[in-house]
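Each of the next two complexes has chain A plus one more chain, namely chain B in the first and chain C in the second.
Up next is the complex of A and B:
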């Protein structure tokens, strides 16, 4: 059995997820959101009918269910399939409402006792998530914690549990960090920040797995509330001739969108946010008229992928479409052709359009009716696949 | 990029403080460190800076009230508060525009994330490049985490202040920590604001921010002003 992390692109790179009995550490650069990864993983396990154990170290256990709720995950509904090990109350001298309590959170032995107990009591293979391994390391010391981790991981293997740790990579000793990144876990997922003066983007990537091959790749993400971790595509362009349906398409895909129109046609931008199957994207519609081609070029600059929207009944526009395709393809970006207005009499089929545009036989041309949203998310999926393959993120 | 504290005579003596400076503020209990910290932040806000305040003793709401009750003309969207208190009281309050919740003073990961999120918003979305970070106080954080842990945390964040050309102010309760703690932490800072009890109330001075320490000044807090005497 394999346990999914609940983060789609990550599960792909883990070759399905984490096999039973194995461990995974989310190894995070300080300042980058990390705990949500572990929460999303335990939530996934439980919502798939499994059991989840959450070891809290820096949060009052009374708050844990609220934290899950902020992401739209209702932990109250999990019932006894969700268990909290309270490694916090002991620290502040508070009474614990939980069944599993770590009496001395600054003693690794005390933690081990509680963790072994909960692992034994679990009646089936479960997912155990440590809210903050770095807090444990801060409290118990680096070497005592490293030793304890090995013991917890061994125990997990014995009972076929999956253990997941959130870890913030504060400047611990190089030796400690080398162990955490290197040998004590079966898998390591790095969570990093894109920094220049400040952190302005976040990414994750698999650094190590010992059950399959690693494809090294950084994937941008965003954290949505509700929603959790989403693979993030900061800029997807929607281009095409005038009246092809660009604005309609942007609105059809988006959870939120704004259009700035003048004189009835787009001279400024359509802008929308998409949240679909674990992917979040910001999409921008471009003006269609020729005189705006320089703007299209400019906008393509940092784009990750492009939709080229066509009115499938309007062959007169294909020359223009072909030209726009050339502008954008010269940027080397993944493109999906949207054969829009398929509901209209005389609409050409995707195959006919592909031939009309003289495109390669595997170029993606997707049939769409933007007004009724038919085919829009299929087109999105195809573009996302292309973007992910292209490795441009 | 330069900063002023908003403490008149001391500002004159110290001159412009250059971006990337980290300052420790140390003083006895009850000497008005909360007000002084907020006033330093306030002085940035009226000059169109942004301010991030990590609050470990007061719920974030109280800190926001402090600013709102004193001056409605400061841009409220420039205020970011990291609240380390509310959730430890068992209240599940969600983040707001101005207040982001950390789980507790032990939750250094969360505190770090929230500080970084405010910095990102001010820099990237609002294009405000002058930001002040006030941590009030390190003493609370030191109650829950050991010196080495706090040192690691500060090592990272004083570095980020430097990288961002921001101004960092870190408050410490005098008399609560042993000498070793103070000496260790001092290494991370470029200068100090010191407060002591004088014959006639409290006194303040800056040290390490100019070639010579400033003289000690008697002071009184009057609204958003620190009035110096002597």
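Up next is the complex of A and C:
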């Protein structure tokens, strides 16, 4: 059986997820929020009917449950399928409400004892997530922790549990970091920030897996509350000739959107947010009339993918449509052609439109009725797939 | 310090100017780089609109042979909005209360814009 991480794009790159008995570390660079990854993975497990065990080291168990709620996940709903191993209360001398408590959180042996206990007690293969491996390392020392990890992983393998660690790469010894990145886990997902480019963002990427091929790719993400980790596309452009339905398309796709409309036409920009199938995207809709071309040019920089919207009944505009692709300087970017207004009489079929536009054989042309949202999300899926295929940052 | 952290510092310094309620740095093409907007709506949309505004103003003014505008100021009933280019790649935008005099705000905003330009 394979355990999904709850982040669809990551599962794809792990070839489905983490196989039972294997371990995964979310290896985060300082300054990047990584705990949400482990939380999302344990939440995925319990919401799919499995068992999830969360080992907390730096946070009060009650706070953990509150944190889950902030992401829109109610741990209480899953009863005893969600278990917290409390490695925090012992540090501050507080009483713990949890069933599993680590008596001396600054002793690796004491931690191992609690973890072995919970692994044995679990009647079925479970997902065990360590809230903060770095905290454990700070408390128990680097080499004692590394030894303990090997023991935990061996035990997990024996019981077919999946173990997931959140780890922040503080300046530990190079030896320790090399072990964490290199040999003690079956898989490593690195999480970092982009600071070199003009776009500032956070990315994740699979660095190592020992059960299949690694596809090296960095994927931008954003953390939503509620929602958790979403693959993030900071700019998807929606362009096309006048009156093709660009604004309608942006609004049909978006959970929230604003437009600058005057006299029924877009004069500046439509801006919307999409949250769909594990992807979050910001959508920029351009004006269509030629007199606004300078604005189209201004807005189209740094786009990751383009929707070209067409009125399927209006072949006269196809030349203008191709011209708009040129203005946006979209050469080489993934493009999806949206054949809008399919409900109107005289609408050309997607195939006829492809020929009319003289586009490549495999250029995706999607039939859409933006006013009733028909085909809108199908078009989004196709574009996202293309962006992810093309996509490294 | 990473560039991103440096930009954050520029904004938090700018936010400390009493009159400024919210501020942000974005790319010229409307992508958010850094925002300091406590509970002021959606920063992504805000900067996308600001970039469009500044870009449109620059096109309008230079098309008429009046050169590149220094800034765009929007005066609304409930506040003011000032948008200023920060080099060829970025822009800075700030929000104030309606009654605020712009003198100090403009000086501080220009300083921040200069810093941003040098950081990128």
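The criterion applied here is as follows: the second predicted complex is superposed on the first by the 376 of 393 C-alpha atoms of A that agree within 3 Å, B and C clash if a C-alpha of one lies under 4 Å from a C-alpha of the other, contacts with A are read in each partner's own complex, and residues count from 1 in each chain.
Definition applied: a residue touches a chain if its C-beta (ideal position, glycine included) is under 8 Å from a C-beta of that chain, and two chains touch if they have at least 3 such contacts.
Everything numeric here is computed off the predicted structure, so don't read it as measured data.
Q: Of the two partner chains, chain B (first) and chain C (second), which one does A:60 touch, if any: first, second, both, or neither?
A: First partner only.
Q: Which of the two partners, first being chain B and second being chain C, lies in contact with A:193: first, second, both, or neither?
A: Both partners, chain B and chain C.
Q: Quick check on the superposed pair: does A:243 touch chain B, chain C, both, or neither? Answer first, second, both or neither.
A: neither
Q: After superposing on the shared chain, does chain C or chain B touch more chain A residues?
A: Touching more residues of chain A than the other partner does is B.
Q: Just to be sure I read the superposition right, which of the two partners does A:282 touch: chain B = first, chain C = second, or both, or neither?
A: A:282 contacts chain C only, not chain B.
Q: With the two complexes superposed on chain A, say which partner A:302 touches: chain B (first), chain C (second), both, or neither.
A: Only chain C; A:302 stays clear of chain B.
Q: Which holds for A:269: it touches chain B only (first), chain C only (second), both, or neither?
A: Touch partner of A:269: chain C, not chain B.
Q: Could you look at A:31 and tell me whether it touches chain B, chain C, both or neither (first, second, both, neither)?
A: Both partners.
Q: Have a look at where A:234 lands relative to chain B and chain C in the superposition and call it first, second, both or neither.
A: It touches chain C, and chain B stays clear.
Q: Return first, second, both or neither, reflecting whether A:150 touches chain B, chain C, both chains, or no partner chain.
A: Neither partner.
Q: Using the superposition described at the top, list the residues of chain A that contact chain B and also contact chain C.
A: 31, 193, 195, 198-200
Q: Contact residues on chain B for chain A in the complex?
A: 87-88, 90, 92, 94-95, 103-104, 106-110, 112-113, 115-116, 119-120, 123-124, 144-146, 148-149, 152-153, 155-156, 160, 163-165
Q: Applying the document's contact rule, which stretches of chain A touch chain B when the two form their complex?
A: 28, 30-35, 57-60, 62-63, 66-67, 69-70, 88, 91-92, 132, 134-135, 138-139, 166, 168, 170-172, 193, 195, 197-200, 225
Q: Considering only the defined contacts, which chain A positions touch chain C in the complex?
A: Contacts found on chain A: 31, 193, 195-196, 198-200, 234-235, 256, 258, 260, 268-269, 271, 273, 282, 284, 294-295, 298-302.
Q: Going by the contact rule set out above, which residues of chain C touch chain A in the complex?
A: By the definition above, chain C touches chain A via 2-5, 7, 27-34, 42, 44-45, 48-49, 51-53, 55-56, 59, 89-90, 120.
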